[in-house]
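First the structure, in the form of structure tokens, and then the observations on it.
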Amino acid sequence: MSRQHGKQGPQSPQTPAPHALDLPEAGRTELSEAMRAYFERCDERLGFVPNVLRSYSFDAAKLDSFVAFYNDLMLADSPLSKLEREMIAVVVSAENRCYYCLTAHGAAVRQLSGDPELGEQLVMNFRSAALAANHRAMLEFALQMTQAPDTVEEADREALREQGFSDRAIWDIAAVAAFFNMTNRLAAAVDMRPNAEYRRQAR
Amino acid sequence: MSRQHGKQGPQSPQTPAPHALDLPEAGRTELSEAMRAYFERCDERLGFVPNVLRSYSFDAAKLDSFVAFYNDLMLADSPLSKLEREMIAVVVSAENRCYYCLTAHGAAVRQLSGDPELGEQLVMNFRSAALAANHRAMLEFALQMTQAPDTVEEADREALREQGFSDRAIWDIAAVAAFFNMTNRLAAAVDMRPNAEYRRQAR
Amino acid sequence: MSRQHGKQGPQSPQTPAPHALDLPEAGRTELSEAMRAYFERCDERLGFVPNVLRSYSFDAAKLDSFVAFYNDLMLADSPLSKLEREMIAVVVSAENRCYYCLTAHGAAVRQLSGDPELGEQLVMNFRSAALAANHRAMLEFALQMTQAPDTVEEADREALREQGFSDRAIWDIAAVAAFFNMTNRLAAAVDMRPNAEYRRQAR
Amino acid sequence: MSRQHGKQGPQSPQTPAPHALDLPEAGRTELSEAMRAYFERCDERLGFVPNVLRSYSFDAAKLDSFVAFYNDLMLADSPLSKLEREMIAVVVSAENRCYYCLTAHGAAVRQLSGDPELGEQLVMNFRSAALAANHRAMLEFALQMTQAPDTVEEADREALREQGFSDRAIWDIAAVAAFFNMTNRLAAAVDMRPNAEYRRQAR
Amino acid sequence: MSRQHGKQGPQSPQTPAPHALDLPEAGRTELSEAMRAYFERCDERLGFVPNVLRSYSFDAAKLDSFVAFYNDLMLADSPLSKLEREMIAVVVSAENRCYYCLTAHGAAVRQLSGDPELGEQLVMNFRSAALAANHRAMLEFALQMTQAPDTVEEADREALREQGFSDRAIWDIAAVAAFFNMTNRLAAAVDMRPNAEYRRQAR
Amino acid sequence: MSRQHGKQGPQSPQTPAPHALDLPEAGRTELSEAMRAYFERCDERLGFVPNVLRSYSFDAAKLDSFVAFYNDLMLADSPLSKLEREMIAVVVSAENRCYYCLTAHGAAVRQLSGDPELGEQLVMNFRSAALAANHRAMLEFALQMTQAPDTVEEADREALREQGFSDRAIWDIAAVAAFFNMTNRLAAAVDMRPNAEYRRQAR
């Protein structure tokens, strides 16, 4: 599988293409004003624009709806902390062996938890981590949803309630686990490449 | 698993709850003006509001971002026809054994194709259908993404190109297949119930 | 996979072949007297002869032994009702994704239960149906036999006894689940096609 | 799992029960005349009555239909030799890890082939045997039918035709492989015990 | 897959090669003195040199380290009896369908247990054997390690302790089960052939 | 699963136990002279003694035979470079999700290759790495041996020969892949903990 995609993103002649499909990447000036501002906030906070955003930029409506959906899911108020949502993201992505998402969200777990070993453990085998019982239950549920969604039943939701999760929290566990089952597969299908910067963050 | 959820949606005392979590359902008057109009269009065109929308209505921002994401994916211009997108939806949902999505999107395939047997075949085993070679390749790709996303490689994308799919079309195949891997899992995790009306459509 | 098999059954020039192998189909006059009477009873009661019978008709001894075996299993006295036997048939056929058996026995469940949704749920995911505890246990046992027969143990039989099933009933659960693991595979191996009439029954 | 079932077969107080269910076993005098003659032929030729027959003897109609079905399948004229049918039986039973069928039909392969190693290889891993290309294709098809019947397609049948199998032979390959997927599961579900005599045959 | 490897081991022109790779086999005189003595003990006790030793003999250091590792594991003092270690060997090899190890270690179980049926049952399906509760637990652990090592947790070790196994015994269960997961795979990868003599031992 | 094992290794009161079993750890003075020298070389070269060695130290013979076996396999002359052997180690360990081996051998790949991204890619999904064709074939073979050893056949070995691997090299590919299928499982079974130092090496 060649990494030498002929085309180049418009931002810089040497930036590698964010994925394996031949789709045009929007230049900054082609973005809507709001999206340009959002990309600039990424530059400021992360030092780069995540390649998933560059990937969606061939179509303004798709980029808008993805960003709105993602930000509501991962950043809006929730009974789940941002770290908990990132932990789910990594465990689902490990099951699906998604290079992009493990790289990006593994870094997020290392950063948000201040525990670099935890990030590695969730990437490699979440059962090796010393997790609180509620986090363990949360991740077991996310794993079941990923491996065998057809087997989820009321008893599985009840097990989460017994660990103190409200029905609102269960929705968010479900929504985050479901979402990464989407993005893992989109990333795999188009061979999305993670930004190199993630790899060195918070080691 | 009890179907007798204690709570009732606000629309009508006898409407069954759309899923198994105890989350408030927005009444029509609680919806934003735009969303109220959208629900009314559903009533007019389908005769009912799909339960997935009622499910998301506990949170206006989540409902908005889901509707925007879904409508762009399934209804916006695409190299894929609406029927092709629904065929992918059903094949992915069959692999994940999602009762909600098989019911709703199986009806859509029956309706859009005018071929009720095709809808049944995609629900039961898509290999039993007499499909054009490009549709077969499209559905094989969607299945591989569903079963083993970590194994997708350039040769798999190349097989789609050989069937005449552009890179833009491959993105949409990937995006639709990925999306139903999300919604199948959310539906399973919260036990989302399909509207009864779907079952009798286009038989 | 072409559906246009060159040969035609002797009953009618336009009847599609019942499967993908090039085997002669017995005409009515070639059947034994008893079998001709049986086919006529099918015509009267169902409006057609099930394609599985046409499939076996290339060999009178095979047709006889299949019909005798099937009728004893599904229609003779049993601690299991006919509906219960059909429910097992559908759940096993769903696991094996058998288009023929899901079509034919899905219709039987809709008809015998008077509950069309139940038929759909057993085809799509039996865990989505609101089942009595004994039916749930019966179907779980059938599923275990289908997925991992080598793991069945005394504790699994004991779980059926605890739900009120006699050892005689357990034999019949086992025999029906085992039988559809046979016919599902024969149907798949020869691409047996269900009669179109099933699809519209009891919706 | 206790092998000390309290009940005893009527033939002899010390004969162990043929399976784990509490079902009455017919004494010789209770059998129909034809079946009694058949059991006596078993005694003469094998030195014992196979436990599968004792298992079915609680119900005369079931015993009759099983014997008729089995004998047609395994002993009637066929493009497949008896050894070929037994080879399929063992490979399917190995995949399903059926102790009864591996013991009984493993002995049959050793006997019919005059090659005791072949019997062992088919039990342990058929890929370790030096098989003719047509037998290899036949067993691969039987294995595919066993593991993933929903994936069988015209190309798989075509591969058998290319090895010289007629469509009539393909039916028999399919029918035998399908049948052992039934009996393996029935044997597992009721814990059917093979007669001890098989184990020492043709070593 | 041809069994007629062109080359022959140096011991005898008619001895078949022990595996499918073209690697030189050491003649007796090429072995170190200690290893020659060991091979002679094999000749005396078993009547032959196990083909696994002939396989490793292309490299004296590999042969030495394999023999030392193996003999410590299977023959040194241990809370596990030699039979218990052989039972683990067979159950792991059955899961991996290793023709070499099932043949050699199946014979060892028959011999050490004096129960030929036990040897067959462990080869075919260990759940069919009437095992003591501690042996059942031991083999379940070995199977879990084989099928899904990533899922082993403290509760699984605790289940062994509850059956009376010390932590020292658990190490040995783990070490034996792990070892046969190695040798099964090496044997499969090079198509190692078992000595014919095993097959007739202790029937 | 508690990480707070009550016992402590004798080297230092604050060193965490290397695994979850209650087995005595040899102090340096209890080691043989040769092994003490080996541990000291570890201290010098790595800055620590790998926990796998501390784990085996409860028994001098087991420690000796493991070290001899391991060093011959991974460090002795071979047609495979040390990096190639470590690449196999990581890909096998990723399939088995072994936290210990992914941590230790992931670091080795980062170090030996000078390509930290490669180490991450092999941990997460080796298909995401831009590998030479021979390395790709080598790792595919190791994966097949890990997932389905019973399916390896001459054609699979031939595929390696076509990539330029000699039969001697194929033995070593097989031996290394087999070995990590052993150590992954031993590590999982006793919950072996990797030394913390690996995590920061060669990022």
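Note that the chains take the letters A, B, C, D, E and F in the order they are written out, and that residue 1 is the start of every chain.
One rule holds for everything that comes next: a residue touches a chain if its C-beta (ideal position, glycine included) is under 8 Å from a C-beta of that chain, and two chains touch if they have at least 3 such contacts.
Keep in mind the model is a prediction, meaning the values are calculated, not measured.
> Where the contacts of chain C and chain E overlap, which chains show up?
In this structure, the chains that contact chain E and also chain C are A, D.
> Going by C-alpha centroids, which chain is farthest from chain F? Tell me that one.
Of all chains, C has its centre farthest from that of chain F.
> Farthest from chain A in C-alpha centre terms, which chain would that be?
D
> What rotation angle takes the CA atoms of chain B onto those of chain D? Round to the nearest 5 degrees.
The C-alpha superposition of chain B onto chain D needs 120 degrees.
> Using Cα averages as centroids, what's the distance between chain A and chain C in whole Å?
45
> Roughly how far is chain B from chain C, centre to centre by C-alpha average, rounded to an integer in Å?
Each chain reduced to its C-alpha mean, chain B and chain C end up 30 Å apart.
> What is the distance in Å between the mean C-alpha positions of chain A and chain D?
52
> So which bits of chain D are touching at least two other chains?
Counting only residues that touch two or more other chains, chain D contributes 1-2, 97-98, 125, 127, 150, 153, 191.
> If each chain is a node and each touching pair an edge, is that a line, ring, star, complete or other?
Topology of touching chains reads as other, fitting no named class.
> All pairs of touching chains?
A-B, A-C, A-E, A-F, B-C, B-D, B-F, C-D, C-E, D-E, D-F, E-F
> Taking the complex as given, what residues does chain E use to touch chain D?
1-3, 94, 97-99, 102-103, 116-117, 120-121, 123-125, 127-128, 130, 191, 196, 199-200, 203
> Using the touch definition from the top, list the residues of chain B that touch chain F in their complex.
150-151, 153
> For the complex, which residues does chain C have touching chain A?
Per the touch definition, chain C meets chain A at residues 125, 127.
> Residues of chain A touching chain B in their complex?
Those in contact with chain B are residues 1-2, 20-23, 58, 61-62, 64-66, 68-69, 72, 76, 96-98, 141, 145-146, 149-150, 152-154, 157, 167-168, 170-171, 173-175, 177-179, 181-186, 188-191.
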